[in-house]
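Data block below; observations after.
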């Protein structure tokens, strides 16, 4: 498993390398473009389509923000960002972008299976495909930057077990029913199983949002007077939990959320007793995907570059503690 | 032949029908009359399979039958032409005629066969309609013919007509009666329900009179004169239907209408109305009677002058109501009343500010309701019952009370006795005469000429939006009115 | 029998209440849990009360969830413009802006329906998407945080202490107050009777010289006011507005509460008190599902089944 920071570093290095390399051999690069050529002709702007879910909660809002930030980073590339609120909408949005003509697509799929066929079509048309977070059900992507939802739950569970010394009651607060939610919850529960002294007393639904999380935990608190900790399947919900605990004067209960929301990372950094740690699952993974697509396509010579780029990377889930929080803190991000 | 024997039907503890016997023969027109609530519609619903009677038997051609669904009755050869037509407005004539029995070929609709069935049935009933027209676009009378054609296409041997003429203009009524005679001669049996005793007399061979859920008498042609049938219906001798007219000559003018136009159906209407006068408005359907009254009441945009006791009247309906012009619409169910709401709610409806300023004074409204109940003899159990649970005549009285509550100087009454049985009619005439005697001026628009002739001091006749004639005194005959209404041609008599 | 027909929902609520009490007396019957039933549902409750009026007057409003979000987003932006030291004045400005904007948006809905002659479903469907979109623009699809860390949250979270840690919050009082006002308006004033009349039969109301368009518009204005208050309380509860998910599907929960309360979607029939109990039934179901730790995938099924049951129990049996 590659650490995220390492990826970023290597990527930056790789992209500067490509820039230097192609600028000196531009004529051959355009001549060597493959038949179904994804690479644009030399001198043309590289056209990248970015297809991501609409901002329906904090994390996806973060994805949107990071995508826009990355776009601003590459004024020489023509980057189109389209957000879709459902798998079927995403399919038609990608089809529309293909019809308009793109050299590369960066896709954060709303649902893996539903988006696979259209990704395959893109691939067959010679479009360079980067898949972020959720994979496709067939290996159609040129690069797959995988998010690790099982790890999201596991890393948090390991921390909780350790901090509780193997004993205590916890609430596992889940999001809306979905593949992501199931992976995170199962990852958490599987890892907790290893510590029999830890008891999951409830698995309420917090709907990925602060209000529902707040209400659900508010309802459960009187029932569980000896609660030790709450795990929340994302940071939006973690903030709702915090409010419910504070209002009920139960600040001895602590929370582990996840997702890399700046406020939560800040709380960890500031040694807030209610937030001893969190885990990363940063929406900036979309930025990584766009970087990779741009650097792969820029100035042609794609066939050679394939050999320099990985096919599959899993973005590690890191445990954020007061000691290392600084490196995960992005104060300008909206998430 | 369809025979019903010993039919009793109860709704809860209330017996709508008690031991009713009825025999409908093919080749015969059988009149079915009775006041509202006498049990006619329950009997029809039993015959058409809409409800299963509590007791009693139905037989078709001597074989006992039990209709659990309307479909079973129509399969047995009994078809119903409902007063509220059962057609789908957005389907074509062809589609309506075959509805539910569409011929199919290879699982798909056989359009050619459907057309053939429709064209043949339309021809049989003499319908002029385009088979491809949407039913929505047809005039009411033609829609009715489509419904009859549908019955014919199902090879109905008995057709039940439930008040078919209530909604028809006069010429269409005459045509329909002719069609019924023709169907009879083709061997179809007909049950005919109507409030119009002249129509019953004109076509029926046998008449069964229902009262309070029981058959009170059966009459046979030619002994079917209205004077004979009516007392049997109401169960008592009718006093004189129409109350005596008061003298209005020399009374001050209550309302003056000048050059009133609401195109296209009201053009240049001009007349005066005296206090205590009952003014009739006659005319064929589409002549503009309703539109004239609505224009006066401020319910449709119009030009011209109206003055009430010398004061000019203008503004929207609310302002005119406040100034003393009240319009009681013809269609109680749709425009006249809130049928789902309570009686007292309805009576307060046109005068909400009076009963609620700003808090509703339920006591005052209840008192007003009770007062009107006394005054108009409204038969009701409780002021909280929905107005729709009352009989037609009592609903009409509630509608009158609703607009009288504002103490109007001029009362515009549109078809005040439509769908009201004969006993209640007489009562309503009396109420109108009493209101006039108090000094209120009344305008009565009606399609029933005997009613206008019996009730009014004076009758205006409208044709194509214009007032084309005015008749008074001995001039007030059906013939004169029809002459004006139809142009120059002479009106024909029913028989 | 007549009582059951008119107030069946109240009976249904108490049946559910007893069942819940038997199932989990230790937790369900705690006074703080019972207070939570109301406190957590103040926003839905306010909207449902207003929705009762609109539905009785023969309309429907799908835009409420988005409307409250937009109103609150603008309100919070106004609060923040006063700076961190805005104090009571800033909170007052936020309150006026949120509630006022809610009312104005309600007026727009009403005018689209009456003067624009649009079907209520269509007009407010446009609001549902458009208001949300405007809120996303204002909040950059993210969260707007209030700069009043202490004062603004008091609206939803502080109130009269009832002893122990029991509190009757200002939010709860606003809800109860608006329910009482709506009840009186509907049952006891010319305005309310007019709403019933228009919903029951618009044509007959026109003929009875009622100001039909004005009545219909006012019903949406009232709902806009309720939704603005709901937005204010929501924003105050979390001291922030999450423009992307605040109030999503609130319109359906509110309509569900009204329907459980026995109102007819065809208009002309409905009581505010019954809607309040409809809200409480939904609240109670939600509370029990959480307390009983029901698998979250099954929650919708249980909710749907209970709504169905509540509606069927109240259905009028046809007499003839």
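Quick notes
In order of appearance the chains are A, B and C, and numbering begins at 1 in each one.
Quick note on the criterion: a contact is a pair of C-beta atoms (placed from the backbone, for glycine too) under 8 Å apart; a residue touches a chain by one contact, two chains touch by 3 or more.
Owing to the predicted nature of the structure, the values given are computational and were not obtained by experimental measurement.
Shown here, the protein chains touch in a chain-like sequence that does not close on itself.
Taking the mean of each chain's C-alpha atoms, the chain closest to the overall C-alpha centroid is C.
Distance between chain centres (mean CA atoms), subunit A to subunit B: 72 Å. Look at where the CA atoms of subunit A average out and do the same for subunit C: the two points lie 35 Å apart. For the pair subunit B and subunit C, the distance between mean C-alpha positions equals 45 Å.
Contact with two or more other chains is made by no residue of subunit B.
Those residues of subunit B that touch subunit C in the complex are listed here as 11-12, 299, 316-318, 320-321, 327, 329, 334-341, 345, 348-350, 352-353, 355-360, 402. Those residues of subunit C that touch subunit B in the complex are listed here as 184, 187-194, 196-197, 200-201, 203-211, 268-269, 319-320.
In the complex of the two chains, the subunit C residues touching subunit A come out as 26-27, 30, 32-33, 36, 40, 136, 140-143, 157, 165, 234, 237-238, 240, 242, 244-246, 248, 286-287, 290-291, 293, 295-297, 299. Every residue of subunit A that touches subunit C in the complex is listed here, in rising order: 54-58, 60-62, 64-65, 174, 177, 202-205, 207-211, 214-216, 218-220, 222-223, 236, 240, 243, 247-249, 334-335.
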